[in-house]
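The structure that follows is given in the form of structure tokens.
Think of it as A, B and C in the order they're written, each chain with its own count starting at 1.
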Amino acid sequence: MPYIPHGADEVAQMQAAIGITDLEALFDEVPAQLEGHDLLLPAGLSEMALRRELEERAAANTPLRCFAGGGAYAHHIPAIVWEIAGRGEFYTAYTPYQAEASQGTLQVLYEYQSFLTRLTEMEVANASLYDGASALAEACLMALRLQGEGKAILVPDNLLPAWREVLHSILGLQEIPLLGVPYDRQTGRLQLPEGENDSAALIIPQINAFGGLEAVDALTDWAHARQMLAIAVVNPLALAILKAPGVWGQGGADLVVGEGQPLGIPLSAGGPFFGFLTCRKAHVRQMPGRLVARTVDVQGREGFCLTLQAREQHIRRGKATSNICTNQGLMVIAATIHMAALGGDGLRQTAVACHRQARRLRDLLADVPGVQWPFSGPFFHEFVLRLPLSAKAVRDTLLERGILAGICLAEWGMGEAGDLLVCVTELASDADLLDYRDALLATLKDLSA
Amino acid sequence: MNPTPLIFAYDHHRDPVQASARAAEEGLEDIPQTLLRGDALHWPNPSELEVLRHYTRLSQRNFSIDTHFYPLGSCTMKYNPRIAHEGAMLAGFARLHPQTPAPAMQGLLRVLWELQEWLAAITGMAAVSLTPAAGAQGELAGVAMIRAYHQARGDHQRKRMLIPTAAHGTNPASARMAGFAVVEIPNGPDGDLDLAALDAALGPDTAGIMLTNPSTLGVFERQIVQIAERVHGAGGLLYYDGANLNAILGRVRPGDMGFDVMHLNLHKTLATPHGGGGPGAGAVAVRERLLPFLPQPRVARDEHGRYHWLDAGDLPASIGRLSAHAGNIGVLLRAHAYLRRLGREGVERVSRYAALNANYLLKRLQAVGFQAAFPERRASHEFILSVTDLQRENGIRALDVAKRLLDYGIHAPTVYFPQLVPECLLIEPTETESKATLDRFVEVMQKIRQEALETPQLLREAPHHLPVGRLDEALAARRLDVADRA
Amino acid sequence: MSTVPENLRYTETHEWVENIGGGRYRVGITEHAQELLGDLVFVELPAVGGQIRVGNPCGVLESVKAAADLYAPISGTVEEVNEALGENPQWLNEDPHGRGWIMVINADAGAWDGLLDAAAYARIAGV
């Protein structure tokens, strides 16, 4: 019996101790009418047969060189990251409620919080949320608790569309008004609304959905001048070279969220990733999610424990800051090891390599006949390429050449039919970039013929 | 002094040049200076071996299923098969970008589609969405569907969600997050719901009821059929919190009990790892009438056996998207592998042996003097002890028993939940533990009981043999040192 | 055993009220309440000048293991709050009737007439 260790004689002894002769008697309190249905599941497999089937299913996914981003990025993950994160002591532990028996997880989480506060130049980081988009929804709810209910959130039209959908799903349940902020068609960057505005917060995406960099100082100051909170949405890798949100504008962003996946998390078709949330200490009691603190034990030894648990659902129930219970513990453990393995210098080198290779590809593509750059302005590692043909047709054809060429903006309901959002990371070698150009040239030629 | 200093102590490789001074030579000159980082990033730069040792050492300061018996009630800490982990980490899955077009990810989509089908079969429901990232997100999706259902019928006054007092804290928190007012319904002395209180609470403003069955009190709610009739009769819907599904897995389907919508905790019932607090996965399953409202995306199969995503365009009444992509795919892959390995017979065995272990442990612990909270009742897959006798005798509390267990190399059961039972220990052994492990637990508990009566100080000061003793949580909250500052 | 001073009045939700004259009433939580809550780590105080209504939540008390609402024992205007509790929430544990006072409410004369006396509170609280 897979994973059930009982021998027949042991079962008999256990039944005798309980005073039953048949395991069915264990369910004698269940109304009989509720039992006895056929369970339509296939028969079980041996581990060997299962392994083979899993390999076949994995092989049925086409291996592709990845030039797609849009909130999920292909990066190198040092071998030690999952070697350690996969250790049973991390992998099979529960939430660290019993602090004395969980100092490993707790210290890692404290280090994670420290890495993230240093990266974003904020004071407090929680121990993670589900993903970047749901973390943004939680940040908006937090902003409303700080600013008073009934106000609106300003949501940029150039925020990733899936993130906007998540905001509508989650905040819509409480009928919170979400007001769009338009972007400039020439630059793809945000255009600030004129006149009065008494919304609770402005979301500032640095990087926006087109890969472009926003004028974050001006946006932050604009929000603060209107007594709004500034909610920064950032890529943690890009922060190795970009200005930390804690020092945006005169006062710095108030809440910072982002998708943590670029920090050592496999793409895995979109999850599990983790969302991060950092803020000022003054706002910590309105922050959702778990938080780890450094303290001392009865003998004065340094140790770590969960803190401010009274904000959370298991104590505060209906009045909690959020219904969230789990965080993305294992992902955060992997991310912490990843951040340590890269170190400050390694993170910067990775970010620089992403930017360098992205610029290189953009330069290489400048000669491809018919392509245009719809948006001017600086970018990090992602940009929009306007093709003279349907971007979808080009992308699908390039799949056959083993290349995932990017994301068709039209599938997001943005941009034009020819717009392809292309992402280049440090994984792309110079040879990969040349292959991309050549494959694109050939595909455009084939499809035009 | 912490014997494992923070990773920030490893700072000897720091590059002394200020970051901003290098921007031009690094090829960042196309980005305006005002957008670039000013100060160097104050992160450490340890060597690879230092990183490896540091985090390996930290791992050794944890209890885990792999190293310790972990009878944590309500959390289903069963063995996490490694084949599931190995499968999920195969490059063909791990390197898939979420924006890969469906024709290039047929292997994955097939896995997800099968999992949807299997979960529907297990739950007795019509359809499944795998996207919720955790149990609490599944709850939010579930109550959001109840809200959408009533609204679609123009039934706008149904603003109240009924929840037993003993429910998990996530239930009222999720209901509130979905815009409902919460009405608590008490449980009777035998652990079952108080039907008179239920009747009094039901009315035209009732949106539904959220129930866990077996309940958080470790017993099967025997009146479930009557409860379903009454709630449905009042126009409400029934939400099933799948936290305790392991107790009835493969035996009783929530759909047959009358539930309209539910979530499963794949990280409990389907043996995916808890990972120190996540990631979980909280797939939701619904009956026919709630199907249009399921969160997106879902996976469909066409008549040619090809798989594709269903998203906003295909599902106009959906409550929408809960995360940026399709949920915790890596967790779903593990759950699929677990179900595939067990198959029909293996799944049916789970609840039988989970119940066997729980009932055996309860009887043995009662025999050595512990008090059951519901001695007249059959245990589900877990049960509650109350140590009020030790408290009366010597001031020993459930927390003291829990901390002393750690000294014996056993993870503590859940304590102080459900809040209804004073000084309680909620114990869930799971089906993957052997009789020998359970017998050792009984021996240790017997010994602790003796210590509680003879040398109570030993318990009050426990644990004695772990890297740290009891921590000053008041200091932690007052000082609030939550990040090491550069 | 908790002390229940005779000169104070009480609520079933464990607040004490002291009549300090001139229509002013000082408010805190009882010794029994702080025992139930355990180590207090944070207090959310009502705004000075704000109107509070008897029986409604007007603040939050947070301990290591619990969070409890502070209920207004009488209706009136918040005249003063004990700002020092922000830095010293432990005063609520150490000296709940003294340094751990929470606020002063300006109310009509006789506002505390309906409240419990010490004997009645001691009976209800079982102390």
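Here, a residue touches a chain if its C-beta (ideal position, glycine included) is under 8 Å from a C-beta of that chain, and two chains touch if they have at least 3 such contacts.
What you see is a predicted model; the values in this text were computed from it and never measured.
Comparing chain pairs A-B and A-C by the number of C-beta pairs in contact, the larger count belongs to A-B. Averaging the CA coordinates per chain and comparing them to the mean over all protein CA atoms picks out B as nearest. Note on chain placement: the centre of chain B and the centre of chain C lie 38 Å apart, centres being C-alpha means. Chain A and chain B have Cα centroids separated by 20 Å. Between the CA-based centres of chain A and chain C the separation comes to 44 Å, rounded to the whole angstrom. Counting only residues that touch two or more partner chains, chain C has 41-42, 62, 64. In chain A, the residues that reach two or more other chains under the touch definition are 308, 315-316, 319.
Listed for chain B are residues 473, 477, each touching two or more other chains.
Taken in their complex, chain C has these residues touching chain A: 41-42, 44, 62-67.
Residue ranges on chain A touching chain C, taken from their complex, read 285, 308-311, 315-316, 319. If you check the complex, the residues on chain B that touch chain C are 473-474, 477-478.
Of all the residues in chain C, the ones that touch chain B in their complex are 39, 41-42, 62, 64, 89-90.
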